[in-house]
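The data blocks that follow each hold one structure.
In the two assemblies presented below, chain A is common to both, partnered first by chain B and then by chain C.
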Partner chain A sequence: MNAVERWAGNPFFVLELAVTASRAEVERAGQKWLAMLELGLARAAIYTTPLGVRARTPELVRTAMAELRDPERRAGHEPWCLLQEPASVIDPPESTASEGEPGFDAMGPLQWSRR
Partner chain B sequence: MIVRAVVLTLGLGFAWLVGVANREESRPGFFGLAQWLVLFGLAVLGGSMVLDGELVGLAVLTVVAGLTFPWAVARTWLIPRGHWRSAWFLVRSSAWTWHDDNRGGALVAAAWAAVRAGGPPAALAFVERRCERSDCGAAHLLATGLVAAARGDLEAARRWIGSLCEFTGKASPQMARRLALQWIAADAATRGAWSQLAQLDADRDVDAATAALIAVARRFVGAAPIPTDAELETAWRSVPQRAQFRALLDRALQHQASPAAPNSVVRATPVVDRDPHRAALVAHAHLLSHPRPDRVELVAVAQAWDRALADQAFTHRTQRRALELATRGDPIESLRARLDADLVEVARTARMVLGEDSAVARGTLGRVRRTLGQRLLDELEVVADALKTRVRTRRALAIHEEWREYLTLRGTYQSAVAMTGPVLQRLAFPCVNESICALAVWLWNDRKNRVHAHQMFRWLLSEAEKCEDAEAIALHRRNVECGR
Partner chain C sequence: MTGRPLYVGIDLGTTNSAVAVFDGESTQVVRNAQGSPLTPSVVRIDAKGRVTVGSAARRFLDRDPENTRSEFKRLMGTERPLPFRASGRELTPPELAAEILKALRGDVRDQLGSLPTAAVISVPALFELPQSAATAEAARLAGFDKVELLPEPIASALAAGWTAEHGDGRWLVYDLGGGTFDVSLLETDGGFLRVVGHDGDNFLGGRDVDWAIVDWATAMIEREHGVKIRRDNPEHAAATAQLKHAAEEAKVALSRANEAVLTMPAPLEIAGHGAFDPELVLGRATLEELLAPLVDRSLEVCRRLLADHHTDPGQLARIVFVGGPTVTPLLRARVAQVLGAPVADGLDPMTLVAQGAAIHAATSALDGRGAGPLVRRGARLWLQFPAVCTDLSPHVVGRVVEGGSGPMPERIHLVRDDGGFTSEVTTLDAEHAFVVAVELVSRHANTFTIVAQDAAGAVLAVDPPTVTIVQGMTIGDPPLSRSIGVALASDQVQVYFERGTPLPARRSFTHVTVESVARASADSVLKIPIVQGEHDRAHLCRLVGTLEIPGHAIARTLPAGSDIELTIELDRGGRMSARALVPALDQVFEHVAHLLVPAADTEVLAASLATLRKRVDDLRADAFRRGMAQVLGTLEHAEHELAEVARDLGAALGGNDDAGQRARRNLLEIDAALDEVEQSKQWPELEQRAVRTLTWAGGQIAYLGTDRERALFEDIARAIDGARQERNVRDLQRQLRLANQLGETAWYRDPDTWPALFDAASSRIDAATDLPKAQALVREGRAANGRNDYAELRRITEKLWKLLPHDPSAQRQSYDSGVR
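Up next, the complex of A and B:
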């Protein structure tokens, strides 16, 4: 699993729970999303993360519930769920990088590409 | 009539075979002169037939012209139209342009025509089969690169063709180097890699088109000496395909040239937020969302996390929460581990140049640098050991595959050094040196592929000098001298 998937798959985002959610709330939220997904409700199909919108699946919900049942793993996820909104709506940090001059197709005139 | 036809056919066949036999370090060589003599005789015969009103004489003169200027005919007519078989056949007898390796030249012609034809499998297989022969010269690197380009693997094509540009002296056919330099320049211009293009040195084999592209690149990036408008115009006028480069010239003329700023330490811009934890998450999310993250952003994220981890309110909150959950491990340590894993992954994926800086050995950036350096070193050792083991067990590959192995190991080493710095270079060189030296010695002593082995020794010598490894310098100086 890469860094993006790791964060986007944070169980608190998948279950749309606050960091203070109790064990019972986790179970209730999990069952709710599973039922909604089974009914094919559009509202249940996606969830929001700081890295954008992701698809919610029954497997993801079950994995999220399992992650939050284990206190060790839950503690690892909690510091990463403070942000709930996508990062794209937050002002990006200033960047000093510049794109420079765009390219020019020199392969064609010099006949290095397909005719 | 029949006798004359047989004589003409035999004469043309003989002229082709004499051209095929040619492989001289200078031109015209013995075979080149012999070929011209035969062709001159055939031209006289063809001319007299035309004067006698025999139209067959015109066909004879056409074939004679083709055999006299094989590269010009292939380059002008056959390659642009994708006639790879005819291009290969004709260039195989080249005794002037490809006087030093017309076997390689013919492969280049076939591969280039195959690129133009859209990469027909029969053509690519034909070129690859011939590249597998052990007596291939350096020109086959260009042919192999063009085959990779025809298959759409431009990254591999850049590696192959770029490696040919490093050959110097008589090890590489002059035309092969000229074409390789042109391909590299055209590819860099197409990608917009102007800085890379501007770094191409004024090489003796650079042709007019490549020189013009380098001049434009120098203007765009402000690399000294920045060409003036008049110099750009002059360079453009010497390009045969100048009409198609007019738009690029106009862009270069409009570009306000200014000298490039000297390398300076880039300071990361801190993300301002009252809550350092939130600020770190925002910066982290932006870094992961960025399609092409750069070093400045990564440094900003590392600094933001350093501030968050130094914030007592955040650390107390996290530790209190861990106590409430009755966890055994240190929550701050596991947060650091996850954070390091993310940043190392971003740095590796984006091939970010993190460098080495003892002043920031501590903190997130220092940890990320150390972890990255260790991983790169581990990977390099795996690749180097695999090569060394194969050489020891004498499991030979075709010469172009051996060269690919060399380029892979060298590329892994160079990429690791570029991402980190001289400390890793000194640690990595001994293991790369051992493997590549073993391969080069095997190629030189047992397999007689001296062109490739010599090039490997030259590269090892240059790296040994950078690492100031006295023993390796002495060894490779001797090895390089053997190939002169």
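Up next, the complex of A and C:
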């Protein structure tokens, strides 16, 4: 998952909560979405982000709950939830050229010579 | 199904096991036929094949060791069966564990009148996947239909939290088992329990105290009788076992008395010396001396955990003790005094884990009574609600799945049985579903009647007619103890689940094969190794399973460069399943092979020990030259651990398989620790890489990135600075990967990028795994480039990458992985 997709998976978006949500509200919302997903309810299947609509899955909900339970990790998500810029066009590649140091290794000997 | 629910929790321990039940409000420890809450994890099979379990079997441990087995929990996940000579039978570790579980299951039936069909079983926090799989298999063999596994520290935390009347704050669970030490830092906040962090020492346990007493006893025997008893001498194994048993009993006796006699059931027999009966009296003061270094080691781990989470020992609200060795008053007093925190009273360290597992069974809605007789009345509802929850206002979500013979419900509301709450009336939506908020009475089992009405307001029968929600402390989904991923042919790891991922979890990635698999060939097999660990390099992680695609099972030959869509799934107990879809064959492969812990061959262990000792010496010499004081501390610790391994190896040579497995596991841990030391030597190189990455990715993002990417990059750059300041190698590597990914995202937008990448890939096609296909792609690519069709050029380049060769030596190291 690239960094932009990680942003689309912001736990506040997934759980449809405001950044001011209390710990109890996090648990309540997570429990509700997991229950609705288990029952296959259509309104639980998607959520909206500034990057567009995304699919909501039980894994995503559980991860979101775990992220917001930890105060330090929660603090890392709060600023991103507040940003509401229009969606940018992101088109990541199907696979990277290299598994070593992407970007540098992809072009082999060319690396820096082009730029 | 009538009466109160039966939630069953089992602590399947190395030395003793326990079972507890939870009825929705309180836990009860189930006593065995002897009236004890603890059942020794010992199995005996006599010459007639009769199986005895628990204390009846334990009595034969010294007298008849060839037909009596204990401590087989440490062998879980290995394929080695243990022989029972008199009967000629051989049982695997899961089969032995199943005998214990059957006995505990029987105890529940005897005491509560119902044979449970579901349970939660606790497992050590750092159990590997094969060990978890073996535990689940033991439960199946014991007759359980459903089972969930729960890490022991979480179970004890849950039990301690459930009964706690204290307010918010941080507290410590100090868990000293027979062979391992675990410590967990927990936090209660507004009734919610959270595991803040966990640490431990795989080399420290109550058994170390027993062995310290044995060493003291053998020194006394040598002094007074002139007989030297050696633990690594197979001829002294019976005498050593007798002394160990006597040491365990003396240790327990000293928790009440000032001195204890080491009593042997029979005189010690030593070749060349005949039989003799030593008189050994152990005093509290001597035990305290023997205990002190071990307790100090545990305190060092506690301090490290607290420091990692910026918690001062004085801030701790309380300490909860878990495990048999913590019953020792000397230990409790010393820990409480040094950490300066109060000890939680009223909690039984021997059964706390089983009680926590029982509470967790309620959270997971694992009612051990099983399904009752099917009596349906009215419209059938499919309901989802938390069986146990901390929240006072949870939701009940439902859906009408079958209307029954009468009219369909239109509206629904819930009424609490004490009459103190009635929910809002909710109209069912187009999917015949409803979401209703209810209010709970704190620390009670709250039962609600579901009132369904038709359009005219008439009340309709529904099935089920009620729901029950217990309000109390709960803990989030169990976290994964170690990261899991796929070893790639490059010896790198594609991480599927990071450590801490809440379970259950499922993820899919598409891999590409690096070699072809010939149809119908017996030798041709594509391996997808699944590894567990925190290292970047696959060979440093532990192989926990291999998904294989054999030549004899494929419909046609699978060429190199083919896609494989791999899905790995973990259930709440950390049990893994994997599924590989091969679109080119339209076939699915699901068989995960070799999900076993490797055997602990003593010759291999001895060789590994010698290699690691030399490695420590070399690293120490190097660290002195470079003046790396921090590294010296780590190496000193590794040296101490290697001495422990040497002791276990001695015991393994004396025929103790369990000690052999412990030595194997610990050698791997030390190996990984030394790898980290070597990685830290490469810190200057990593710092240079950080500068290069920041410059390159920053340039791409500044030139081609969006506002969002620029903001994200700033965030990552800050994290890189933090990792550099803390000299955290792993975190720095992770952040650099993220920065590169972001840089690449921007870079791929540049129209000049794909022609350059295509040229670079084309220059290497001489070595392609399918040369004709690669040549054809190069021709197509040139044409696409000529007409400036960059989208097509990108597609072609990505195909070319899949045909480029891999490094065979890296592949061998990476458990012969056939994918990238």
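Note that in this section the second predicted complex is superposed on the first by the 82 of 115 C-alpha atoms of A that agree within 3 Å, B and C clash if a C-alpha of one lies under 4 Å from a C-alpha of the other, contacts with A are read in each partner's own complex, and residues count from 1 in each chain.
Simple rule for what comes next: a residue touches a chain if its C-beta (ideal position, glycine included) is under 8 Å from a C-beta of that chain, and two chains touch if they have at least 3 such contacts.
Nothing here was measured: the structure is a model prediction, and the numbers come from that model.
Visitor: Touch check for A:Arg62: first (chain B), second (chain C), both, or neither?
Guide: second
Visitor: Touch check for A:Trp7: first (chain B), second (chain C), both, or neither?
Guide: Both partners.
Visitor: Looking at A:Thr48, would you say it contacts chain B, chain C, both, or neither? Reply first, second, both or neither.
Guide: So A:Thr48 meets neither chain B nor chain C here.
Visitor: In the overlaid three-chain picture, which partner chain does A:Ala75 touch, first (chain B) or second (chain C), both, or neither?
Guide: first
Visitor: Which partner chains sit in contact with A:Met36 here, chain B, chain C, both or neither? Use first/second/both/neither.
Guide: The second partner, chain C, only.
Visitor: In the superposed arrangement, does A:Glu27 touch chain B (first), chain C (second), both or neither?
Guide: Touch status of A:Glu27: second partner only.
Visitor: Considering only the contact definition stated at the top, list the common interface residues of chain A for chain B and chain C.
Guide: Dual-contact residues (chain A): 2-4, 7, 83, 88, 90, 92-97, 100-104, 106-110, 112, 114-115.
Visitor: Under the stated contact criterion, what part of chain A meets chain C in this complex?
Guide: For this pair, the touching residues of chain A are 2-4, 7, 22-24, 27-28, 31-32, 34-36, 38-39, 41-42, 58-59, 62-63, 65-66, 69-70, 83, 85, 88-97, 99-104, 106-110, 112, 114-115.
Visitor: If we count contacts the way the header does, which residues on chain C are in touch with chain A in the complex?
Guide: Per the touch definition, chain C meets chain A at residues 189-190, 192, 194, 382, 384-386, 389-395, 397-399, 431, 433, 435, 476-477, 479, 488, 490, 492, 500-502, 504-507, 510, 512, 689, 692-693, 696-697, 699-700, 706-709, 711-712, 716, 737-738, 740-745, 747-749, 752, 756-757, 759-761, 763-764, 794, 797-798, 801-802, 820.
Visitor: Which stretch or stretches of chain B touch chain A in the complex?
Guide: Those in contact with chain A are residues 79-82, 112, 115-119, 149, 182-183, 185-187, 189-195, 209, 213, 220-221, 241, 244-245, 247-248, 251, 255, 266, 269-271, 277-278, 281-286, 288-289, 294, 296-297, 300, 318, 321-322, 325-329, 331, 334-335, 338, 341-342, 345-346.
Visitor: What residues of chain A sit close enough to touch chain B in their complex?
Guide: Within the complex, chain A touches chain B at residues 2-4, 6-7, 50-52, 71-72, 74-76, 78-80, 82-83, 86-88, 90, 92-97, 100-115.
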